[in-house]
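In what comes next, subunit A is part of two complexes: it sits with subunit B in the first one and with subunit C in the second one.
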Partner chain A sequence: MLEMTRRALLATPVVLAAGAALGQTPKTLTIGVVSDPVTLDPAFSASFFENAVFYCLHETLLVAAPDGSISPGLATHSNPEPMRHVLTLRPGLTYHDGTPVDAASVKANLDRYLDPATASIRKADFGPLADVVVTGPLVVELRMSAPYAPLPLVLTNRAGMVVSMAAVKRLGADFATQAVGCGPYKLRSWTKNSELVLERFDGYWRGPNHGFDRLAFRPIPDETVRLANLRSGTLQLIDALPPQSVAGLAQDRSVRVSQMPSLGFNAWSFNVTRKPFDDPRVRRAFAAAVDPSVIQRVVYFGTGEVAHGPLSPAVGWAFDKAYAPPGFDPARAKALLAEAGITAPLPVSITVTNSPQMVRIAQVAQAQANQAGFKVEVKQIDPTSLITVLRQRDFDICMSPWSGRYDPDGNTYFWFTKDGPNNFAGYDNPQVTTWLQQARTEADQAKRVDLYHKVQDQLAQDAPVLFLHFDAIIQASSAKLSWTQYPDAVWRLYDAKLV
Partner chain B sequence: MRVIGSRLLSLLPVLFGLCLLSFALLALVPGDPVTAMLGMEADPAAVATLRAKFALDQPLPVRFIAWFGHVLIGDLGRSIQTGRPVTATVLTALVPTLQLGLAALVVSLCIAIPAGIIAAARRNSAADMAVSIMALTGLSLPSFWLGILLIVALSIRLPLLPSSGYVPVLTDPLEALRHIILPALTLGAGMAAATMRMTRAAMLDVLSMDYIRTARAKGLSRRRVVWRHALRNALLPVVTLVGLQLGQLLGGVVITESVFAWPGIGKLTVDAIFARDYPVVQGAILVTATLFVLTNLATDLLYTVLDPRLRVRR
Partner chain C sequence: MLRRLLIAPRSALGVLLVTITLFAGAFGPALSPYGPNEPDFAATLSPPSATHWLGTDDLGRDTLSRILSGARVSLLVGVVSVAAGLLLGGPIGLVAGYAGGWTDSVLMRCMDVLLAFPGLLLALGITAVLGASLVNTVIAIAAVNLPVLARVARGQAMSVRSREYITAERALGFGSATILWRCVLPNTASPILVQASLLLASSIITEAYLSFLGLGVQPPTPSWGNMLHDAIGFLDQAVWLAWFPGIAIFITVLGFNLLGDALRDQLDPHD
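Take a look at the complex of A and B:
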């Protein structure tokens, strides 16, 4: 009896706190994210972490499943001719402000992305899109200047999100903080750096079957604190669980850890435009000196996979499991350096952002490369400076992480064509550029795969980039929460519910 | 009043210098708001368009003069990243910071002053040792670690308090109180440690003075001597320390704010620095610096209340 009373007493605060933790309204899902969004406007969204909110607030024209297969979203898609894509919108849809989601509105959205005056970063996503033409109240035609195979997948991404143009006009600069979309949830309130609350939108195209009335996103940058909040019940879903926490959580029945391969890669660009990495032998020597499997064990605690190229295992149709270019071989590294005429330890620097994980990777590589004839210095910078350092090519080796895209074009074209915006290495191989151009215009998937595999082989020889790791998407939730994980690490929470 | 007026006037060159310095320092850091905004995929044409839109292509002195001209008429501009007015952004973040700062101060003073007095009044006793150990522990504990310990203890093991988030007082006073307890304890504990040591040292100093001996010789009780005669004089250095601590708190406490998802001005400023959102950084620095100087002024005025000898005689 005494034991029962004690248990009851101990249980009381748990129940009370659980009620409080779920918020004053019982159907609120509280989510811990790495950072607050900078903007809610898809035209200017550049932060990877903004996506957590974006796919709940906004809706895409087409929808990608976790395996990358495409299905209709706000619209159905057909491609009657290589240069013509037709989008037919579902009838009767509205934005959160009640204005209709019709062909005119979709055209206005896409024109806004494409207009140089908007300076939207989405413009590049559309490739050779020449014109958007309204051919019916609910039908829009996307006319291309060249065939562009990745377009349907592009429309499943931020470029395929449409917003209320009436709100864009009405709110002006304030649209960034008060965006009006047509996703499953609409904006209720946003206290910067504390909580962004979305509220269910009953006009959502999938119907009002939301598992929660509200979603509350709390930015908690520190992974330990995010996890503590999950375990306390304050949060029910958290992003970016650190790899070292995975094993420890196996015994915790109240928490469920979910992981899957991500679309992106963690890689380092060599600066091929200046010494010493203008010599491909020196680049290959460095690549042979570093063992990514050690990094995977020591830094990633066995999560994710070692990367050999840009094609992620998450894109099953393009990924080649058996592909394994020449790997870690310190003797070969020394021989290549000798062949390049380098006899003394070669001083080079690795520039990374000051996150503990990135610094640890650089330190492991530093220790290995120093054994093979390099003299490595690790330089740490803040994340904003990283973009400037990469763009100005002010580095020898610099971390160049990529969140990845569902279509292999997104992991290759911008990175390895001569004028690609992410060609930080300064790489220029006309053959690779040609293959990548062919791949994005080729409709036959088998032929595309063949071209991407050729590119992958050539990259291993030229080594403009050292591929290190395909990070795993690691997220955790209350064991009672049912939700779907995606390889782009982004939640679509219309189907999340307590079970 | 004239003293206050002249002190306020002397504030102006300080603030101008600060604005100039922070503007120049920010410009020296690599990266700009447009690269931070558009990310790695940015098209150079889009970068150029936005740089022109935000006048980032103008020379630094021109930008500073334009910005400062607006400041003089009370306009801190708009955030480059969010488009929101900087004044509203900074003031919105200032309210939670003020709440947290004051709550931490209350926690700190409630612990530090009585503990410091007891330690001094019973020098070398077990109570004194206990207070010294507490102070040393409080000073040594990083606020980040203490915050996590408190979350584990009071949110996970004993699920009594929410481990993160902010609720405005006007929305729900009870929830606001529950949410502020852990961050205020985290912040207040570190402050209390320093204040406790200062109170003890000042009290010991005062208790060894002649007038205290005289008071005791008059037959006054120990309690009366300590609380009525010694404490007021011992508070002067404590007030100086608390004034400085409060000034620093008003500048925001980034770590505590990050741990508890507290939307204060410290986190706002750091995020704005990372995003190179110059108008927000400038606005936040201007507001917090003004508050810091005003807090110091208030501290100086408090001296004259505590010690009438310091009042300016006319």
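Take a look at the complex of A and C:
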């Protein structure tokens, strides 16, 4: 009876939506997301959760498929020489405000990202991009100061999103809340922390074949509440389903759970710039004291995969399935601590945000490490403090999860080169930096893979980071909704439709 | 008085519930079948059974052992925060009420500043500034209790300061400190103690609130509040994780409230 009621409720918006096709009310897809965006401007987007809206509001120059293969988006791409990338735009495209998507506007966008005065966090994504030159009304040339293999995939990311420069000039600081892009949907309204509504844009380059007239994003931070709203039919699609709910939902035929490996990793950074983790033996000891397979079973309920390095299984061409560095071994952990001259239980702290999942992981690690010669304290911080704690290196061990990139460069270069923006550990191995620089300039994919595997081996030795888990992207929807899941957890909902 | 407390059904129930809680706090950890932080990763989220009477949590820790251990935390926070509030707030209120004038104004305006904030908001603010820990939780709750007890003590002191026996003590040449200690305190103690017993219940609730919000007792130390917090993510899979700490809070708070009511009735001079 309960099952029938739930199904009936979940079907209600579907019926309403079907009725809307007859011209009554707009067909609306209501989506539960973890957090409201901070900005709608891709130049300043730093929150992972903003992506949920970004790829519906904005469009990228190139497009990545779920398997990471690249296809033309707003433009086609060619690479006639290692240092030259040519982008040829589709003709007749406009932004949501009617201004043309042409070579001049693309150059203005990329120049804006690169201009130090803009202080855009996208600048680092472009690597050695030296100049953007307009060579025709619809042709732009990206000239590099060094070969940069990840560039095409970078252009499928936020760095490849272009916006109306007329709107940027007109709106100034208000562009962050009234952004004008050229994605499949345009901004209709945004009530902060309540609802952000997008409306179909008929000038979209793929044509006006949208599955829905409107997308309504509702921020609901509590995972239990998000799920309850999906089951009641208030929402038809939700992000970040808790792993413990997956098994139970298998029985619920009104809900469809979708999961796939993510591009990122869940890892903890050791602070290698101060005691006790300045000693690699102590870092290796801690790594040997913690069993990620228990974390995978107890905290992730069997979803995702145990991580041994930074290369995600979602990037098949670089991931090494057989890779298995020395793992959980409490006896080895104790021997390494003894070798480092540590006899009494070593007090260390693990800093995590107060998210229940992160605290649970820390508690599992705490119980295990305490058995192997450590005395672990778990420190909880507010999520907004995390980036400050990491950047100031105010920690012994600190959670540092990464959403990941399609190109392995994004999972390695930023993290393990001396000046990398995500090198929270303070790691400095010149050999690793050299390999990573070679990998981003190398055009031969096989040689790149070889370099990344060398890096992976060296990271197991140096242990600047403890790799724990490759989280699965777990999202859920009404069983009547058809949509495509991506390993970056981001929705491109142009093709979402009711079936 | 104890006999009178045990005769009335409501107060007898209060005494019983408080006794159960005190017993759990005093001897529970020694009687616990498992360590409160002893995980068993092979037996996570087990329902109540002969092995684990109240089941296990998401890390395989025995819920009964954690509830018993949490009783000690709840009582410790409740008793220490009320005692601290009593030791500071009582004298402040007595001095303010007895002295009157500018002493009263200065001391009570300070208390009014604390009273201006809702109790939970004040406790949240203090733990947010000091950081989340057991000691800081006690400090925060004591700061909430302090002005309440000071107000009660002041009112009582004001009501007795013009009595004949106080005038007589003054006429005999006793100093204010002696009069406060020998005459004012004994004659104002009952209402202050009744208020303190009622504050015990609200302090335990406040601790549970703070721990529930992640600002109180930190894991792995169990408290009923953080056990409830942990249970939220598993309401679909293991609802008993929320039941048992909830029942423990209910029993304890009900017990202290009934006992406080009974004490008030017994100590009421008009009765």
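Structure notes:
We adopt the following convention: the second predicted complex is superposed on the first by the 474 of 499 C-alpha atoms of A that agree within 3 Å, B and C clash if a C-alpha of one lies under 4 Å from a C-alpha of the other, contacts with A are read in each partner's own complex, and residues count from 1 in each chain.
Criterion: contacts are C-beta pairs under 8 Å (C-beta built on N, C-alpha and C of every residue); 3 or more make two chains touch, one makes a residue touch a chain.
Predicted, not measured: the structure shown is a model, and the values here were computed from it.
Overlay on subunit A: subunit B and subunit C fit together in the combined arrangement. Of the two partner chains placed by superposition, only subunit C is touched by A:R297; subunit B is not.
Of the two partner chains placed by superposition, only subunit B is touched by A:V38; subunit C is not. Shared-chain residue A:L390: touches subunit B; no touch with subunit C. With both structures placed on the common chain, the touch criterion links A:K192 to subunit B but leaves subunit C unconnected. In the superposed pair of complexes, A:T434 makes contact with neither subunit B nor subunit C.
Taking subunit A as the reference, the larger set of touched residues comes from B, when subunit B and subunit C are compared. Using the contact criterion defined above for the overlaid structures, shared-chain residue A:T224 touches subunit B and also reaches subunit C. Nearest C-alpha atoms belonging to subunit B and subunit C sit 8 Å apart in the superposition, given in whole angstrom.
For the contact definition in use here, the residues of subunit A common to its subunit B contact set and its subunit C contact set are 224.
Of all the residues in subunit A, the ones that touch subunit B in their complex are 13-14, 16-18, 20-21, 24, 32, 35-36, 38-39, 44, 46-47, 116-117, 119-121, 123-124, 172-177, 191-195, 218-222, 224-225, 228-229, 231-235, 381-385, 387-391, 400, 402, 414, 421-422. Chain contact summary for the complex, subunit B toward subunit A: residues 29-32, 35-47, 49-50, 53, 78, 81-84, 89, 92-93, 96, 144, 147-148, 151-152, 155-156, 158-166, 172, 175, 178, 257-259, 261-264, 267-268, 271, 274-276.
Subunit C meets subunit A in the complex at residues 37, 39, 41, 44, 58-60, 132, 214, 218-220, 229-230, 232-237.
The residues of subunit A lying in touch with subunit C in their complex are 223-224, 242, 244-245, 248, 294, 297-299, 354, 356-357, 359-360, 363-364, 366-367, 378, 380.
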